[in-house]
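Worksheet: the structure to be examined is printed underneath.
Just so it is clear, A, B, C and D label the chains in written order, and each chain counts residues from 1 on its own.
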Amino acid sequence: MVCAVQIYEKAELDNPVLIEGLPGIGFVANISALHLIHELDAKLFAEITSSSFQDLAVTTEKGGTRSPINQLYCHKSRDGGRDLIIWYGNTQALTTFGQYELCGRVLDMAQELGCQYIITLGGFKTEQTTEKPQIYCAATDPKTLKTALNLGTKIMVGEIFGIAGITIGLAKLRKLKAFSLLVETTGTQPDAEAAQQALTALTKHLNLKINLTNINLAAEKTQKTLQAFGIIRQVRQKEKKEESPFRWFV
Amino acid sequence: MVCAVQIYEKAELDNPVLIEGLPGIGFVANISALHLIHELDAKLFAEITSSSFQDLAVTTEKGGTRSPINQLYCHKSRDGGRDLIIWYGNTQALTTFGQYELCGRVLDMAQELGCQYIITLGGFKTEQTTEKPQIYCAATDPKTLKTALNLGTKIMVGEIFGIAGITIGLAKLRKLKAFSLLVETTGTQPDAEAAQQALTALTKHLNLKINLTNINLAAEKTQKTLQAFGIIRQVRQKEKKEESPFRWFV
Amino acid sequence: MVCAVQIYEKAELDNPVLIEGLPGIGFVANISALHLIHELDAKLFAEITSSSFQDLAVTTEKGGTRSPINQLYCHKSRDGGRDLIIWYGNTQALTTFGQYELCGRVLDMAQELGCQYIITLGGFKTEQTTEKPQIYCAATDPKTLKTALNLGTKIMVGEIFGIAGITIGLAKLRKLKAFSLLVETTGTQPDAEAAQQALTALTKHLNLKINLTNINLAAEKTQKTLQAFGIIRQVRQKEKKEESPFRWFV
Amino acid sequence: MVCAVQIYEKAELDNPVLIEGLPGIGFVANISALHLIHELDAKLFAEITSSSFQDLAVTTEKGGTRSPINQLYCHKSRDGGRDLIIWYGNTQALTTFGQYELCGRVLDMAQELGCQYIITLGGFKTEQTTEKPQIYCAATDPKTLKTALNLGTKIMVGEIFGIAGITIGLAKLRKLKAFSLLVETTGTQPDAEAAQQALTALTKHLNLKINLTNINLAAEKTQKTLQAFGIIRQVRQKEKKEESPFRWFV
């Protein structure tokens, strides 16, 4: 299977922008995407699982289960903004191979819906917190870069890890436009402050009216979700776990 | 190949329940499935091997060989119970990738036979043994959860590892109903006591008449089988073996 | 690709026996197969490479190159013996996944040529050398086992690692007959003595007339070949090398 | 996907020679290929990404991004030389599996364009630098070897790692002619001197008129590019990094 996709509804969108919001440094993208979904009341239209996700389920307080998953939400523009596809999830893939497969699959789906423009979000790890964290950017082409810089960002210097980075690369190969917004963060905790910066720039660019006062709720929910999957704990301990045979015994 | 399937006979079943019983914590699922197969005289109809299983064969006392394998057995209901597909085996897959592939393939086969309902079994690791181990549960949806709770179980808190967990997740994505029964166990030995609890709840739910007096035989056979494959030894030593080149020496 | 196959000639064989002779414990199978190929002047008809082999080439003294490869040779019976397919190579696959894929592919090719009977060779690791090493066996079924026992072998107790083991398992799943001959060896060096035992039993069973006086030459060539690929050195040092990024820089 | 290919233009070539120039020991091949592309003003006609490349993007000083990629350039002969396909890139694949897949894919593309002749370049690690580093060679067949030896090379003794090595192996299996030129280098830095030796032999063989005075620029650009991807740093530290779950957090 590699990736198994369940499409719940064929979204009808007009030239939509894909916004990537998976867990990563400071969980900036993840919090931002979740808050966006809540505030826009975006609609879940597809779910993706991958054989490169963790092989477990976590239980909810009410006896339900949650599995490692990626989701696509859509938002039809209401007042002059752009249509959106929001790529949310509780995990990235565990292997390089899985990352590329996942990203390629999501880009396929987005392109089928007419998407030609992508924004990836992320954190840029710094030693110290600043009061108003700076946003850095990188883009597939000079024109798109100018758009990103006009949002008050600076040019990013360094590596963009994981899905946020390879999405830019695969987009370029597919002749799509894309830029990445990376917000300064110490990266050890879900960083609501950094997510707020990302969303301020993003909503300005997309002409979206989003209330940011409740962003802490999205950060708390992100913390809770990712702790249940062992992702936040893992980051804290900075332990490198290797895949080992018989891992299905504790 | 990833998974290679050999179907010996097309089972004719009416709305069957799939019961997952692979080796895992305390070997609860494995013992339960084996005992069920014996007592119901369930019929082997398919075997599955995977390139994510160990690359070896183990010999039997009589000069035969056993290979890492998963098997599907079917049971036609006799007196008002449900038709069953029992998913048995001497191993889970060694990699996350293999786990998802294996699970996806078995669900495909079960769905082709009309299955829309799945029960996964497992152990829930505790430090101490209790006289009558508690059963915990989690389910794909509130209605199915209620069914599980009515069997005297409590809501599970934590992670469900391996096939027992991802089966619930993949079932949900396929709009199937599923619940998991997880029995307290110290998990270091094949735990006949815990398996007995699992089967008591399971047979009550499925309206099956099963004699549980000989469950120790299933536990002993499980111990012997899994020792031959080095699985039980591995668990005890808690050594992490990594896949290394040239592992076919020594 | 996983496996890439080059078939040089369509072999016309009558109910052939597949003999597996890849490098493994004591290199018993590898020496035996090589000697068999030389003595029977068997004909190379197919070569197989796999993306699970080492990613390198080794040079020969004359400026040529040798790559990790598996080869199939055929031998048309001359005087009442059986037609043969000899599975020779300078490596097994480096991963469990690759082992199953390789084995599955070779069985496909053998079955296309009418093969329904397989003999796998190997070493059985012992602490001490004995003057006339004992042969152990295991088989897919009692009748085939009896044939193997009649060659003066004893029933094998333990695990059969690598291709020698999974070939038996996959053969069984495909309803083919197979047995394994495993000769006692300390396993640290190419063991001509053990290979001679294997060939004595094998040729008796297959009614082949083979001169065994030059088997040391096959052992020496095996040593030289596998040293060039770093396989024998690796075994001696017993170092576990893990696949690491950027391994293409020494 | 494994490999995703974007072909920008169908190159029309006459019996072209494929020259492999990916990063490796001493970056000899990489510098040589880059200099060749510059001097010949060779035309980019295809790009290849692989799910076995690193999952990141690196930023450029101007806010653009570069991703792990392989590229194919073509050069139409002008004055009696051979048409060329130059295989350039900023990375090899991270796994053995990926290496074979990548190489197989590039050979497919080259063969579609009529290529039947391949030259792979590389470094041959030595402890000490020499003033005029020696070139070593190996070839698929004696005739091709003779051609290589006539360029003032000596017969290579040892292993040819990575793409340079498996390309020779896969070429042989496909009945293509190929040789490898391996230049002495200490291998710790991009070695312009060694690349110059490689290009001197290569251009002599291919009857190409190339100015080598600016080869240092290609070496510097190679250094800069591969440092940005963390490849040169990695080599220096000789640290073995293993793929670990959640690597998208740093």
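Heads up, the rule we're going with is that contacts are C-beta pairs under 8 Å (C-beta built on N, C-alpha and C of every residue); 3 or more make two chains touch, one makes a residue touch a chain.
Small disclaimer: the values here were computed from a predicted structure and weren't measured.
Following the contact convention of this document, no chain is adjacent to both subunit B and subunit C. Using CA-based centroids throughout, the chain positioned farthest away from subunit D is B. Superposition of subunit C on subunit D using C-alpha atoms only gives a rotation of 90 degrees, nearest 5.
At the interface between subunit A and subunit B, two copies of one sequence, fewer than half of the residue numbers in use appear on both sides, so the contact is built from largely different positions. Mean C-alpha positions place subunit A and subunit B at a centre distance of 35 Å. If each chain is reduced to the centroid of its CA atoms, subunit B and subunit D end up 50 Å from each other. Among the residues of subunit A, those in touch with two or more other chains are 54, 94-95, 98, 242-243. In terms of which chains touch, the assembly is arranged as a closed ring, every chain touching its two neighbours and no others. Across the whole structure, chains are in contact as follows: A-B, A-D, B-C, C-D. Note for the complex: subunit D touches subunit A at residues 1, 4, 6, 47, 49-69, 94-95, 98, 228, 230, 242-250. Partner subunit B is touched in their complex by these residues of subunit C: 22-25, 54, 92, 94-101, 104, 125, 137-142, 145, 148-149, 155-163, 165-166, 168-170, 172-174, 180, 187, 231, 234-235, 238, 240-243.
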